[in-house]
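Letters A, B, C and D mark the chains in the order given here, with residues in each chain numbered from 1 onward.
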Amino acid sequence: MIEVGLNHYLVVSSILFSLGVYGVVTRKNAVMVLMGLELILNAANINFIAFAKYGNFGLGGQAMALFVIILAAAEAAIALAIVLNLYKTFSNVNVDEIDKLKE
Amino acid sequence: MINEILNSITFIYPELAVSIFLLIIVLVDLVFHKDKKYIPYISLAGLVITGILVLNQIGITHFAFVPQLSAVKKYGMMTIDPFGSYFKLLVVVTSILIIFFTIASEEVIDLKERLGEFHALIYGMILGMLVMISASDLILIYLSLELLSLSSYVLAGFLKLRERSSEASLKYVIYGSVSSGLMLFGISIIYGLTGSTNLYVINSLIQGPQINLFTLSFSSILMFVGIGYKISAAPFHFWTPDVYEGAPISITAYLSVASKAAGFALLIRFIQTGFTSFISEDGYWTLIAVFDWQALLIAISILTMTLGNFSALWQDNLKRMLAYSSIAHAGYILLGIAVLSNQGLIAVLIYFFVYMLMNIGAFYVVMLISNKTGSENIDDYDGLGAKAPFLGVALAIFLISLTGLPPTAGFIAKLYLFIALIDANMIVVAIIALLNTVVSLYYYVRVLKHMYLTKSEREQENITPSIGSLVYLLVLLIPILFFGIYFTPIVEFARSCVSLLGI
Amino acid sequence: MSEISIINISIIILLLPLVSFVLLIFFGKKFPKLYLAATGVVFVALVLSIAVTFGMLTSYSGETLSFSFTWIDFGNVPSIGFLSIELGFEINNVTALMLFVVNLISALVHLYSIEYMRGDIRYTRYFAYLGIFTFSMLGIVITNNLLMMYIFWELVGLSSYLLIGFWFEKDSASDAGKKAFLVNRVGDIGMWIGILILFTHYKTFTFSTIFEQISLGNLPFDSAAALTTAGILIFLGAVGKSAQFPLHVWLPDAMEGPTPVSALIHAATMVAAGVYLLVKIFVILTADAMLVIAVVGGVTAFVAATIALTQNDIKKVLAYSTVSQLGYMVLAVGVGAYAFAFFHLVTHAFFKACLFLGSGSVIHAMHHEQDIRYMGGLRKKMPLTYYTFLISTLAISGVPLFSGFLSKDGILAGTLAFGSLTGHWLLPIIGFTVAAMTAFYMFRLVIITFHGEPRNKEKYDHAHESKWVMTAPLAVLSLLSIFIFYTPNPISADAGWFLNKWISTPQTVVPAEASFDFMQSGMNKHETGLAQESGIVHSVQYTEAMHHAHYPAMFLSLILAGLGILIAFIFYQWKKVDLEKLTEKLNSLYKFSLNKWYIDEFYHATFISGTIRSADALSWFDYYIIDGIVNASASITRFVSRLSGWFDTFIVDGLVNFSALFSGFIGLSFRRLQTGKVQTYIVFVVFAVLVLLLFFRPF
Amino acid sequence: MIGFPILTLITFLPIVGMIIILAMPKDKSIWIKYTALAATGFQVMLAVILLGNYDYSAGGIFQAESFQFIEKFRWIEITGLSWLGTLKVDYFLGIDGLSMPMVLLTALISFIATISSWNINKSVKGYFALFLLLDTGMMGVFVALDLFLFYVFWELMLLPMYFLIGIWGGPRKEYAAIKFFIYTLFGSIFILIVMIGLYFSATEVIAGGERVFTFNMLALMDQANYSVDGILSPFNPHNLRFIAYIALFVGFAIKIPMFPFHTWLPDAHVEAPTPISVILAGVLLKMGTYGILRISYPIFPDITRDLMWYIALFGMINIIYGALVALAQKDFKKLIAYSSVSHMGYVLLGMASLSSTGINGAIFQMFNHGTITAMLFLIVGVLYDRSHTRGLNDFGGLATQMPAYTGFVTVAFFAALGLPSLSGFISEALVFVGAFGVESIRVLTIISMLGILLGAAYILWTLQRIFFGKLNEKWAQLTDIDAREYIMFIPLTVIIIFLGIYPSAMLDIMSTSVNTLVEFVINGANNISISGL
């Protein structure tokens, strides 16, 4: 029975992070892209808390995590609103088809 | 604890004022939803007050919000210092200019009933920027960055039903949140390395031997992604042209000046407080040998200005052209930082002041013209010199200043920049920058050529600006020309504001 | 007369024609009669110059009166010291005589022109030009330094240009003027370089100072070679002005100008300026320089004479004879026959001017017919013209009792002496052949023109003797071709006052090793004055050589001249020989002579077209290569912008005129990066992070 | 000396005129013209006053005390910088023998150009406003003694020129304008770099005994002022003086224009309106050579001496190349343009000689070329106004049609081909005298003399093609020049002839300064080589 240590958390978080980036880059649908974003943020959160716990850094990490969660919510809200608005004008939400502005 | 907070309050009056007026605007918006024509004036009043408060702060150097439980030394989460005040002042002035800008801009006038949100969001941005400028704690940095970004996402897409606008906002939001996500990840790693989020503490800790350099540089780079996206430094600039083109022109102007300024303030403070070990007699910064910021900055800045200029060569849409040109200018300013000296910092401060005047001016003229012609395409500028003599001359002066030719303030800004570079023996970089200036000349002159030398094929009525916008332009033009000839005042002012609250 | 008054008068003489020029240029339109004033002015000048000449020859013979002033003052020049450019005048016997000659002929030509040019649309303008020419020519005569010499040298070039192209409506005329000016410039460049060599070393242009320095053994750049070069280069100027081979080509064309002009400028005075220059700088000519000069003179004399044999245009014949005679003079200088060179200059001036004016009178009578094949039998119609013409012809052919005989005889003697002293026998041989040819072609001219039957009846019927204003000058000039004005002894000039009293050969200042032995009087240079009195020229052996050469030369030349005349009569008067057959037989030679040795054609094929071609090539180069490099991107950009569907007519060129090829491509590739797809951007970001990490990792 | 700041006055008078003009209503074009005329006229008067009070014995060049009409006060001063000491720029005006002729020339040419602008009818207001601005720029360049000030004036004249060509020009005006602009800007950027480099290499003692960096030309000429580690300091073992000199030289050479940077000139001239061509050829080209003499020579004496031969070489190329290309032109104006290239070559050659006679000749040639070429362009303009063509082969026989015109043309042409008794000859002669005196460049000088021949060739050929031969019936209605054109031609003609006969009138002004300059350069070069660097 192995002891779960800091590194495990870090591994998890980095996997999450990579998945998030991958999602953002590859998904067509805007909503999926936003989910990828969430993954990135949560990866960071895991880091904060893990570090705070194992490094005895006090509560700073946890506090940070809380802030991040809140911000993530706000961000998601705004992003979804924009996506909605986008759907009104383009009547689809496929990120890769929205490239009127370029060069 | 409490009295610490109460005492800190005294140092953040500007921020407080902004927040209060933000609330007031929201309330007014709710209460009088019949006519909202007062809102702009309210926000102006708020800004003026904020400006006065900031002016009072100039010269003060102090920490705010020093956490009790922090270590021996007392480092606050916010730092009030002349440097910050300068940028705050810059932001406030810019905001005032932008409010007037919006008053004249038809894009915004069209949506009367949403004026309240508009100004509220502007205030959101201002608050974000003010905090960001004086934030010396990673948490605060991230929060302010997000606050700024969130408001600007919405503003960029404020013209809901315009395709370009909503596309811009989507790109902006995705791009922005990814970069801030990366930055956050970087922050988390730094936190892991040092166990603190306070830049001063971090500074003292990373001087220790046991620090893992690779992780540190990785996290620093991730941090820079976040900041680089704010100041739209290549290769994190890709959102800029699209968003600038899509967003309402007033917002474009605002983004190109204010939030960029805040971003630069953040970058400078981050490097200065986070990574500088000491500042020598002649004002050169010595960095802690953990990460080669100078090389990074030089590389990035050269890439940025070159890319901005060369891409601008090919733009037919003036807004987009200005977007690229603002990227190029970000490159120049970045050079000023890369010198890592107070002289370079002076150059940056001067440059920003001048840049504010000329960039807003250029956008303003573009806006006035697109109000009339409904287009920002360069071909619609044919024969403008004859049709709108004053606008033509004004735009000409702004563009000349952007190029950096005497007798405009733009020249002075560049001159100081190059002085700093030469003094730091970065001759090669200076020459590259100069060649870039020549390149930039082409697309600026190209506009002049269209305005004065080409006859427009289709006849259109003369464009005569209203008294208001005439005054507005004069307010921008006079300093540009005056400081172009006699620039001691701004230089002195900038010099008095270089000092950061160091270690 | 006091020295200063002589100087002053000569300066007045110099300025008078200028006055007439200015008057005519500015007021000629208003007062069409002003040309009379001009003529009057020149005659005043003539009188004054007679006074000066008289004064010089009587009271200051052999001396040099000079007057100079500072023109440009450079102040205290580093590494040189105080430097200033002095100008000035000097009068000595030669100068005085030259003054007289120029003024006399100028005055006569003015007089003559009144009738000859009557009715021309630019009548007064013509006299103005004569004025400016006289002014410049006098300037050449009385200057005491090389710079002024060069200045007036160019000015006579200008006036000759204006007068040759006087009837510029004719392309041939304006061409001729241009040709004259350019060909002269070629010579002048050489002359200028020569002057520069001297100035660079001596920091002065003044003759006397330079001569003095050289005589003290201070050679330019301390090498005799440099001195030789300077001499030859300055001589190049003379080659141009005096139409020496190979720059003689302009003179025949110059006959496009009005005939009196040809008489004044292209026979009597200006073309003689070259010889005058040589006379001025004679003392600094080294042996090599003299040899070169002699050879050039000889070749010129010969070539021109051969050409003159076959020409049919009356003025062309005279032109070539002029060239040939000038050749004689140069040859004389070359062989050291200083006095005879100048002597011939003077005599030639008179009889050649007379010939030209005579031909002018004929042309005038024949309504501007110049081809002698349409003339004939004019003797009866215009007797005065004929006899004056005949006298001058006798003079030029070197028949005794006439001036030409004396001077030419002297020159031939000189060549003989030279040959005997240095072994260059070719020169005398050339000299004598030319003498024969001269006699032949001159009489050919006279016979075809005046004797025999008129070949063009109606022209002949209209012909008539000219008015007195035209014939009087002829009379005067032909009179001056009689020996008595120069010497009491019709067969030897040595006895004459001209050579004895007036002209004295100066002692060369060239160091012994650089000059011919015979130029070195055995004695110390400072006693040269002595040498003159005892009638010794250069040195004893030269004088002796001349003495021995005198009689052989005389007889030989007499025989040859007689021979030439005889042949001329056989051919053209008595028609004993069928010329058609003869020309058939000698066709190639005949053609060669008739076409002037194809020299013009040669120049056209080489220099002129060469210059034009290279000019065209260069301008092509300028437009397509140099500017092309600048514009290179113009084309590329158009191509690039078509690719990107973006086209702008000029600003693109303007814009990319400067930015080279890559700027276009870079800009484009940067644009390509901006795909508009947000996810691509993010990929770039991630990629950028990795790259940065790669570059800025701490290990 | 004079009580009032005459140099400031003479420099900024046109700006005053410009402001007045800008205040005027558009439609009062005739008054606008008179205002401009008045402004330039006053300038000429002031120039004459200058000449009247000019001290011929004062050397100038490097001694501040022997400059004349000096005006000096602190323009920009930033004290207390941590390491920069005091940053200062002076407003420093003054003239010596180098600038005096140029000031006279500028005043004269501007005045005459104003007269010849009389028949400009397209947006008169803008034209004359820009014109006067240009005038100030030019005058300023010649009187400024502070590098920074010099550069400001240098740039100041760039934009008006761009618009004057670009708006009032011929068919391909945009192309010509942008080409001129880009070229010149490229050059001035080099100048800027060197300027800044110099600034940080030398210091000057100011009131209070403090040593501060300086743009003061005179201070920069004094090697004692250079710090050992300055990048452009002669005492710095690895200094960049050579590169800096080349950069500076290129910056100026573009203006001259020196082969191979000359291709903007023909385009600019052909497209520019007559008065602007006059200004361009009459004054602007001189700025290049003036800059070299005023800045490059005394500040970099060592490099100057080392590069003498190359300068002479380019001078020779300019002379021959320009003349040959001119020979091939079919367009009157282009021909004159290339003749300018050729004539400026003489200036280069004379400067390269580093001898008093040569440099006297060079400066004198600058002045003479100014007057002569100005006249030539006026001549082209007169013909073009009447016939609306510039093709050399379209004409013929005009001499009978327009005798007075032909008279002036003849004077100008013969002056251009260096006929003695006209001013052009003296300067060319002095240039040759000076250059020939120098062993190392003697051969180049001799080759250059072909220029005299080629010059005569294209000039006479042009004269023949336009004025001689049968009158082309197409031009039977051409009228001879009118009063206004007389007014333009006469002063120039008088000057050309007067200076041809009495050159001392101009040479005395400059000779003292030239001697000072030559001595200074030679000594400076020696000192540096002695100090082993």
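By our rule, contacts are C-beta pairs under 8 Å (C-beta built on N, C-alpha and C of every residue); 3 or more make two chains touch, one makes a residue touch a chain.
Just so you know, these numbers come straight off a predicted model, no measurement behind them.
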**Complete:** Between A-B and A-C, more C-beta pairs in contact link A-B
**Prompt:** Which chain has its Cα centroid closest to the overall Cα centroid?
**Reply:** D
**Prompt:** Using the average of all C-alpha atoms in each chain as its centre, how far is it in Å between subunit A and subunit B?
**Reply:** 27
**Item:** Cα-centroid distance, subunit A relative to subunit C, in whole angstrom
**Value:** 99
**Complete:** Chain centres from averaged Cα atoms put subunit C and subunit D apart, in whole Å, by 38
**Prompt:** Between subunit B and subunit C, what's the gap in Å when you average each chain's C-alpha atoms?
**Reply:** 80
**Complete:** Residues of subunit A that touch at least two other chains are 21, 24, 33, 95, 98, 100-103
**Asked** Hey, what residues on subunit D touch two or more of the other chains?
**Response** 174, 177-178, 182, 186
**subunit C residues counted as touching two or more neighbouring chains** = 651, 654-655, 658, 671, 674, 676, 678, 682
**Request:** Write out all the pairs of touching chains, ordered by chain label.
**Result:** A-B, A-C, B-C, B-D, C-D
**Asked** For subunit C, which residues count as touching subunit A in their complex?
**Response** 671-672, 674-679, 682-683, 686
**Complete:** Residue positions on subunit B within touch of subunit C in the complex are 170-171, 174-175, 178-179, 182, 213-214, 216-218, 221-222, 224-225, 229, 235-236, 238-239, 241-242, 290-292, 295-296, 299, 306-307, 310-311, 313-314, 316, 438-439, 442-443, 445-446, 449-450
**Message:** Under the definition above, what is the set of subunit C residues touching subunit B in their complex?
**Reply:** 644, 646, 651, 654-656, 658-659, 663, 666-668, 670-671, 673-674, 676, 678, 680-682, 684-685, 688-689, 692-693, 695-699
**Complete:** Interface with subunit B, subunit D side, in the complex: residues 75-78, 80-84, 123, 151-152, 155-156, 158-159, 163, 166-167, 173-174, 177-178, 181-182, 185-186, 189, 192-193, 196-197, 199-200, 231, 240
**Message:** For the complex, give me every residue of subunit C touching subunit D.
**Reply:** 71-80, 83, 121, 147, 150-152, 154-155, 158, 161, 165, 168-169, 171, 174-175, 177-178, 181-182, 185-186, 188-189, 192-193, 196-197, 199-200, 611-612, 614-616, 618-619, 622, 626-627, 630, 650-651, 653-655, 657-658
